[in-house]
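The chains carry the letters A, B and C, assigned in the order they are written, with residues numbered from 1 in each.
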Amino acid sequence: MTPALELRAVGMTFGGLKALSAFDLSLQAGELVGLIGPNGAGKTTAFNAVTGVYAPTEGEVLVGGERVNGLRPYQICVRGVARTFQNIRLFRELSALDNVRVACHAGAKSGFFDALFLTPHHRAEERRILGRADEYLAVMGLSHRRDELSRNLPYGEQRRLEIARALATGPRVLCLDEPAAGMNASEKVELMALIRSIRDRFGIAVLVIEHDMRLVMGVSERVVVLDHGVTIAHGTPEEVRRDPRVIEAYLGDAYLEERQIELPPGSSVSPTRGASFPATITAAAPSPNRAAATRLRFE
Amino acid sequence: MTELLQHLVNGLSLGTIYALIALGYTMVYGVLKLINFAHGDVYMAGGFAGYYVAGAIGAGDRPSVLKAVVVTLGAMILSGLLGLAIERAAYRPLRASPRLTALITAIGVSFLLEYGFQLQPIAWLGVPFPPGPSPRFFPDLLELGPPFELAGVSVSKIDVIGFAVAILLMLGLQFIVYRTRLGKAMRAVSFDPRVAGLMGIPVDRVIAWTFFLGSALAAAAAIISASRMPRIDPLFGLMPGLKAFVAAVLGGIGSVPGAMAGGLLLGLTEEYVAGYTVSSFRDAIAFTVLILVLLVRPQGLFGRTTVEKV
Amino acid sequence: MTTAPGRAAGVLLGFLPFAVALAALAVLQPLLPPTATIVLINVGVNVVLAVSLNVVNGFTGQFSLGHAGFMAVGAYTSAKITLAFADVQLAFLPEAVSDQLVFAVALAASMAVTGLAGFVVGMPSLRLRGDYLAIVTLGFGEIIRSIIENVAWLGGALGLSGLPRRTNVVWIGISAVATVIMARRLAGSTQGRALFAIREDEVAAEAMGVDTTGYKVRAFAISAAYAGLAGALSAHLIQLATPGSYGFIRSMEVVVMVVLGGLGSITGSVIAAALLTISLEGLRGFQEYRMVVYALLLVVLMLTRPQGILGSRELWDLWRRPRPPANPPLASTGEDGNGEGAA
């Protein structure tokens, strides 16, 4: 089945800085994938490459099997990719309803003539958009804020409005950039449930950038970890959580156990995954406060 | 061939004037990210300042090098003070406002100067200020005699002196910007005013100095220009101001060497295009250059592209 | 449902306001003294200019400084047509009707040509940001003027004179009403909302599927078309079209009106246009101080109340309930409850 979104060896180089390299990702419809990594890892850059803010300097981005490299953001949006922003970018002087209504009209180019002459076609379209917009507001629990200026909304509701707006474009892939930033614990739990229900209801693929581990692990089926623009781990939340490289990237190597291994004389080791070799491990008992992960250092 | 060289000479003279004015635009844009629409009128005011100083010390009747220097420096200082006043009164209160607001204010200040200077002189001042709409004639500051004739090309002495003075001033500015602490502070503010402030740089003072220097240079340009073409009126800064802005954009707005290069390049372009085609399109040439630059290479020759973080 | 009669009914309904306005003005016209007529016409011209510029500067948040250039295009287009048909009388029609018909065609043509010019100018320019766009539009305005000055067919520096005096209160009224209706309908439509979105946050608008460049260019073209209309009307009042009257200063006068009224407020533009036109009439005796006062007004306005009289609200919004106050700041983050940064 054609993935809703596919990134093949995507790279972004800004002048001398390689923000993203050889990034692979594949999302099927209905999948919920988390994208994590320390600050500056390249997560938002990946989003920007997907949504057309930047054109990838290497690799390909495919939406529904169609190559979208170099297309303008609005064209990519029309092909089914919607996003929210790390720093909320609502249309501040517009009401919540209007914010969503703008997105409802995604892709429509002209219609200026219809607008100016109030043709029945135009008026029918406006009614449709109004209905849809109200629906999306209801889904995100914002109906009571319908006519409120978006800049007057409380922070948590602004974040939800951004999601409602992105949903209104009718995407097949929804990219959420730190949707829970600034929320308290209970709001985050609510958001988790909301994201899952959105996925279930609309059958879209969701890609979430987040820092909150619990949120990501609780919501995602798969997790991809970036560090310095490179994928250092991917898999289920469980696998990723225990991956020593991930721990090192986030926490530094102070949280890793170091154990010494003695290799029998004459044996050789090749550093491939899954390789096994005879060894005896001699070490002190692990201290209870440390992460239960082991890194082997070869000297 | 002589025609080619003549245009070259004229173009360079014109270009140095544009360059001096452009420096003011580029420096102010660098630190404030504002197009100081009023800069062309500060140039005009500088010319009139020189006119008044010259009148006060009798530079027209008995010219001397000393008087010429006094007139020039006097005009530069007065212009600098005007620039300071404008910054303090009109731009500083709007530092935190949207850029559009400051831009409109700049246009308002520009109009204020242009039309303020066109009012009839105030009777009890003693000096004919404001000068009123009729043109005045800038006196000859030096007794120079006839122009040089080199290979059939006429090079007036004032062109040579003007060129030399301009180069000297530009080198002086280069020195200030790249070799002094003030210059370093100016460059820091142009990168990021907030952070510069946090690093202990007196941002307000640096910006004030920027305006002073830019305005002083514009006044020098006005003196040079008025010495070549003595007819000055309150609107004589309008076109040169706009063209100098184009020059600044051409060179890369925010870049000091860019302004110098842009000014010279624009002056030469204008001379050659006007010389070899229809000369009445002279003014439109600058705007055509502007549009081409902004479409093809908006950061200009020496500018850097800024990427907006999403 | 877009049945043919349905669509026709819609268009007809769209014209209803005009019919009403037309009738009212036709009745009003002979009753006015001549000076009042001229002032009223000038108010109308400025209303058309201000409201149309508001579409670009206010709705879409782009800063255009070349509006007068489009006035010129409209003025000259219409002038060429009315001059060409000056001695021609269309068959089967009495002279008066024939003249009006020619004028109507001239106005329509000037709008079409200027709209096209707006498209041509807008396409390359609207890729540029804020202050650069301002300068480029200023530049285009000057280039247009320069071209007109140098083309003999357009009368050169002296312009075209002897235009028939066709502009009257009725035409102005219709035009002003048409412009306001255009703006109103745009503002209430999906397309208008897209323009507002572009003004608020162009990056986000683009990410939500709005073809920002396409919309900006279209708004620019529509705005230009109405500026052309104003130019045509103005030229057929003073019976003259000269390049000098459509310079940067004229553009700035319109900008002042829009800013004074409030960027984005249609009623604000109308009020400001009326206010400024009438007060400038009153200051006629102090001609030389006029521009100084204008300039001072502009500077003081920007320093004290940059949002203008009405901000981005309309006149009827003043009666709405006031906005809720901002929530008190959250101690930990320094943001207030609305997510604003530390005050």
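Here, contacts are C-beta pairs under 8 Å (C-beta built on N, C-alpha and C of every residue); 3 or more make two chains touch, one makes a residue touch a chain.
Remember, predicted model here, so these are calculated numbers, not experimental data.
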Worksheet item: Between which chains do we find the greatest number of C-beta pairs in contact?
Response: A-C
Worksheet, complete the sentence: Closest to the centroid of all CA atoms, by its own CA mean, is chain C
Worksheet item: Measuring from the mean C-alpha position of chain A to the mean C-alpha position of chain C, what distance in angstrom results?
Response: 44
Discussion item. Just the number, please: Cα centre separation of chain B and chain C in whole Å.
Written reply: 34
Discussion item. Taking the mean of the C-alpha atoms as each chain's centre, how many Å separate chain A from chain B?
Written reply: 51
Fill in: chain A, residues touching no fewer than two other chains
53, 85
Item to complete: At least two other chains touched by the same residue of chain C: list those residues.
Response: 203
Item to complete: Provide the list of chain B residues touching at least two other chains, using ranges where the numbers run on.
Response: 310
Item to complete: Note which residues of chain A are touching chain C in the complex, please.
Response: 51, 53, 72-74, 77-78, 82-83, 85, 88-94, 98-99, 101-112, 115-126, 129, 149, 151-155, 158, 165-166, 168-169, 182
Worksheet, complete the sentence: So, in the complex, the side of chain C touching chain B is made of residues 63, 124-125, 127-128, 130-132, 134-136, 138-140, 142-143, 146-147, 149-150, 203, 252, 255, 259, 288-289, 291-292, 294-299, 302-303, 306
Worksheet item: Which bits of chain C are touching chain A when the two form their complex?
Response: 1-2, 6-7, 9-11, 13-14, 182, 185-186, 189-194, 196-197, 200-201, 203-212, 214, 218, 222, 312, 323-324, 326-327, 333, 335, 337-340
Worksheet entry | Of chain B, residues touching chain C in the complex | 34-35, 90, 93-94, 97-105, 107-112, 114-116, 118-120, 133, 242, 245, 249, 278, 280-281, 283-284, 287-288, 290-291, 294-295, 298, 308, 310
